[in-house]
Amino acid sequence: MIPEPSKPSRVYFFGTCLIDSFYPDAGLAAIRLIEREGVRVIFPADQSCCGQPAYNSGFPAEARAVARRQIQALREDIPVVVPSGSCAGMMKHHYPTLFAGDKDLPQAQAFSERVFEWSEFMARVLGAQYEDRGEPLRVTWHSSCHALREMRVIEHSKHLLRQLQNVELVELAAERECCGFGGTFSIKHPAISGAMVNDKVDDIQRTGAARVIAGDCGCLMNITGAADQRGLPFAGQHLAEFIWERINGG
Amino acid sequence: MAAESFEKNVDRALADAQLRKNFAFAMGNFILKRKAVFSDTEETERLRTLGNAIKQRALSRLPDLLVQLEAACTRNGIRVHWAETPAVANRIVLETIESHAGSRVVKGKSMVSEEMHLNAFLGTHGIEAVETDLGEFIIQLAGETPSHIIVPAIHKNKMQIAKIFHDKIPGAPYTEDVAELTAIARRTLRRKFYEAGIGLSGVNFAVAETGTLCLVENEGNGRLCTTVPPVHIAVMGLEKVVEKLDDLPPLLRLLTGSATGQLVTTYVNLITSPRRTGEKDGPTEVHLVILDNGRSRIYQDPELRQTLQCVRCGTCLNHCPVYTRIGGHAYGFVYPGPIGKILTPQVEGLEKAGELAFASSLCGACEEVCPVKIPIASLLRRLRDESYSGEPQGIVPGRGCKQNLAERLAWKSWAFLNTHPRLNRMVTSLLGMAGDYLPPAGPLERWMRYRTEPEFARKGLHRRAKEEGIADE
Amino acid sequence: MSEIARDRILARLRGAPRQEIPRLDVPAPAAAAPDRNARVARLKSLMETVRAEVHVLPAAEWIPRLKEVLGARGIKTLLYAPDTDLGSALAEAWQQDAAGLPELVAYAEPVESFKERLFAVDAAVTGAAGAVADTGALILRPTGAEPRLMSLVPPVHIAVLRADSVFPSLGDAMRAGRWAEDMPTNMLLISGPSKTADIELILAFGVHGPKELIVFVLE
């Protein structure tokens, strides 16, 4: 039984490139929620992208160059909290593979051991408790593939979500199914990706939820983009942003 | 198969509502069945780890085990043949059949024989190999190829099958009743089993320790093919050999549970020799054709070698969101689904089949259920690397075939941007202001076929964090 | 020709990087092996789920029950193996009183001269060398006296086994029987009547193998 890590005094926050460009509010909410638990957050200006897009597309050398930069920017021996199962998975599980045979392998391995997905950090390490001050709302949850299968943090995400007393969580019929984003997959194979995201959108629509909550902004961008194109009424939100809104009465 | 024809296949498949309905139903069913038969998560994990260990060890000893298998089979009276290519394997089968001139041929289901395009080859020599597995029988009548490793006719519904039987089987009435359709198949094929002089089959596992061929099935046609005719010809890929008889129970449990959601198939058939003196039935002649077809090349690479662990259960297909939506034929090659995507580019080369390795979101659903823990997503990634690799030496044919200046520049620029933080922040700010005015061309155009344009935030997180006073060290 | 191919294939395989992978010890499951009654019950339950008909009864009662089963199905010809204990017992019972019973047909010659008869009989009765409880399957060990096609060709297969030959698992059966030391021509596991789900995943029975499997477990 792995012992629960003790609460650190400081952590790095790795925002991810998608949050930086498209969902900065989610990033800020995640940071504020960590601070709320009495932990100091460091957001190094030198961070950019975890490298996954190149890693998955057949360009490991470029991915490695970018990954090296992140490890350098986050070099102190403190936890690295990542608001994305996908990016956390990349850093935690794939950096060691990416650096196999490279001089920086020991550093990459040591780095990957410090990485936490945000909801796991909040639930397991900080034991965060929330009081819901929002109006009754029905939501549904989408499990990103990496959060589900690599980081295995879904139960932590749902644990946080279920603390919100006025939120009704209706689960998807095909919760475990990929939304079709897959990074460059959505660009290289648009028709298949389109079919997958539309099925996901239909599944969400059938729950009658006003919002789909997820821990990954790639998935959110994909799902809400498709829903918008079809003129469907539900919105999408990152878990951190949703929690922040709810505990502040929004 | 160039990228365009795969895309065309995909578009056609996605537009076929009946096909999508058939597959969505069938794959959903398989997923539930597998869950039910592997309900104890801890025990399932233990079994998968064991399956992986057995297969990895067998592969680590592959040449020795093949020699041991050949020796044991030969001692038992089974004649062993080796074939480097499908063409050679086909010739061996043909010559064996022709040495028993005039013999009718019945055939059990075998994916290796599909790899060989054996039926078509025999057909050009005037020999009809009658498929006896119900699914294979249906598609043979329809003139099609299998769309799934376990249930070859799954892309067809009852109405379509009723029509095929009515049109192609003399005297068969039109009926959509499954029991009646099954009875028609039984009646029609019974005569074939009775008259056949040659039975063809595949092999699920070949045990080196005892020289035993293990075949599993539910219908009984496999046993009929391998027991009634006086000659039995079995074909197998060289990776099917396992070390010991003891390895069979866990592998059978994994294969059967993963393939059909059963604890055990109706029949497990362990064949060790032809008919011995004093026995009254069984073939007097048994042949085993061991086929390479690129496997020994795949074997050269320890990482890619894991592809050869596959037991052909088909569960990766069942759990794949891509396969479920496009069906088996769209892939354009013998093996569809995740296993097809890692195997085919390695056998056929990246130029011909490399596109398959990119037709995946790397969701990992296949890996999660593979009974022998093949790291499919990692192997897909590896094949993508191979496609763009500038290194001259490599075992995957067609290495580097996708290299092009545009993508190379794109990724180099991306890497430059993401390793130069100040520049990155500047570009993010620019996009925040002007991103909405990007012309919908190239990647953006493809994104927007199914989605609205993503909105760049006016101020990125870097800027907001700074403004909010969050420390940067 | 095949020799050259063999050498080339083996040379390629031997030229590849070697990996040392030890045999993983197959750990026995922690739970104690179930007792005989539990094994028989599980076997019966699993086989009945796939439409086999299973009778568990004292050895003395099986032939009278067999006669009932045959009568209920209107079976006219019953294939049997005269040179087995089972076959002798049947022959004796029929000799004493064959009224209303099917004709016993002996599988006493090679299939080449027997095929037409074989494909025409209504049912066959064989022994079973044992059974496997955890997955619900019979173990058959065909011999010269009790050939392979008996359990495959006739539309009804009746199998007789002793309750004390029901093993907890296939691995147990293999180890207890030391199969690896001397494999016969053919060994079979049979878990029920022939079936398929190839058409829309709808289950249909009696495709090519027997439509019915009737099992007698003798205590």
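In this document, chain identifiers A, B and C correspond to the written order of the chains, with residue numbering beginning at 1 in each.
Keep in mind that, in the parts below, a contact is a pair of C-beta atoms (placed from the backbone, for glycine too) under 8 Å apart; a residue touches a chain by one contact, two chains touch by 3 or more.
Note that the coordinates shown come from a computational prediction; the quantities given were computed from them, not determined experimentally.
Colleague: Which chain maximises the distance between its CA centroid and that of chain C?
Modeller: Centroid comparison gives A as the farthest chain from chain C.
Colleague: Where the centre of all protein Cα atoms falls, which chain's Cα centre is nearest to that point?
Modeller: B
Colleague: Distance from the CA centroid of chain B to that of chain C, rounded to the nearest Å?
Modeller: Each chain reduced to its C-alpha mean, chain B and chain C end up 31 Å apart.
Colleague: So the centre of each chain is just the mean of its C-alpha atoms; given that, what is the distance between chain A and chain C in Å?
Modeller: 54
Colleague: Which residues does chain B have that touch at least 2 chains other than itself?
Modeller: In chain B, no residue touches two or more other chains.
Colleague: Which residues of chain A are in contact with two or more other chains?
Modeller: none
Colleague: So which stretches of chain C touch two or more other chains?
Modeller: There are none in chain C.
Colleague: Please give the residue numbers of chain B that touch chain C in the complex, ascending.
Modeller: Residue list for chain B touching chain C: 22, 25-26, 29-30, 46, 49-50, 53-54, 56-57, 59-60, 62-63, 66-67, 70, 80-84, 88, 92, 132-135, 138, 151-154, 156-158, 161, 178-179, 181-183, 185-186, 189-190, 193-194, 209-212, 218-221, 223-224, 227-228, 230, 238, 243-246, 248-250, 252-253, 260, 263-276, 278-282, 290, 292, 296-297, 299-300, 302, 305.
Colleague: Contact residues on chain A for chain B in the complex?
Modeller: 13, 15, 17, 19-25, 27-28, 31, 40-49, 51, 53-60, 62-63, 65-66, 68-69, 73, 97, 145-146, 149-150, 176-178, 180-183, 185-199, 221-222, 225-226, 228-229
Colleague: Along chain B, where are the residues that touch chain A in the complex?
Modeller: 7, 10-11, 14, 321-322, 325-326, 358-365, 367-368, 378, 381, 384-389, 402, 411-412, 414-415, 417-419, 421, 424-425, 428, 431-432, 435, 443, 446-447, 449-457, 459-466, 468, 470-473
Colleague: For chain C, which residues count as touching chain B in their complex?
Modeller: Chain C reaches chain B through residues 1-3, 5-6, 8-10, 12-24, 26-27, 46, 50, 107, 109-112, 114-115, 119, 132, 134-137, 142-144, 147-149, 152-153, 169-171, 174-175, 179-180, 183-202, 204-210.
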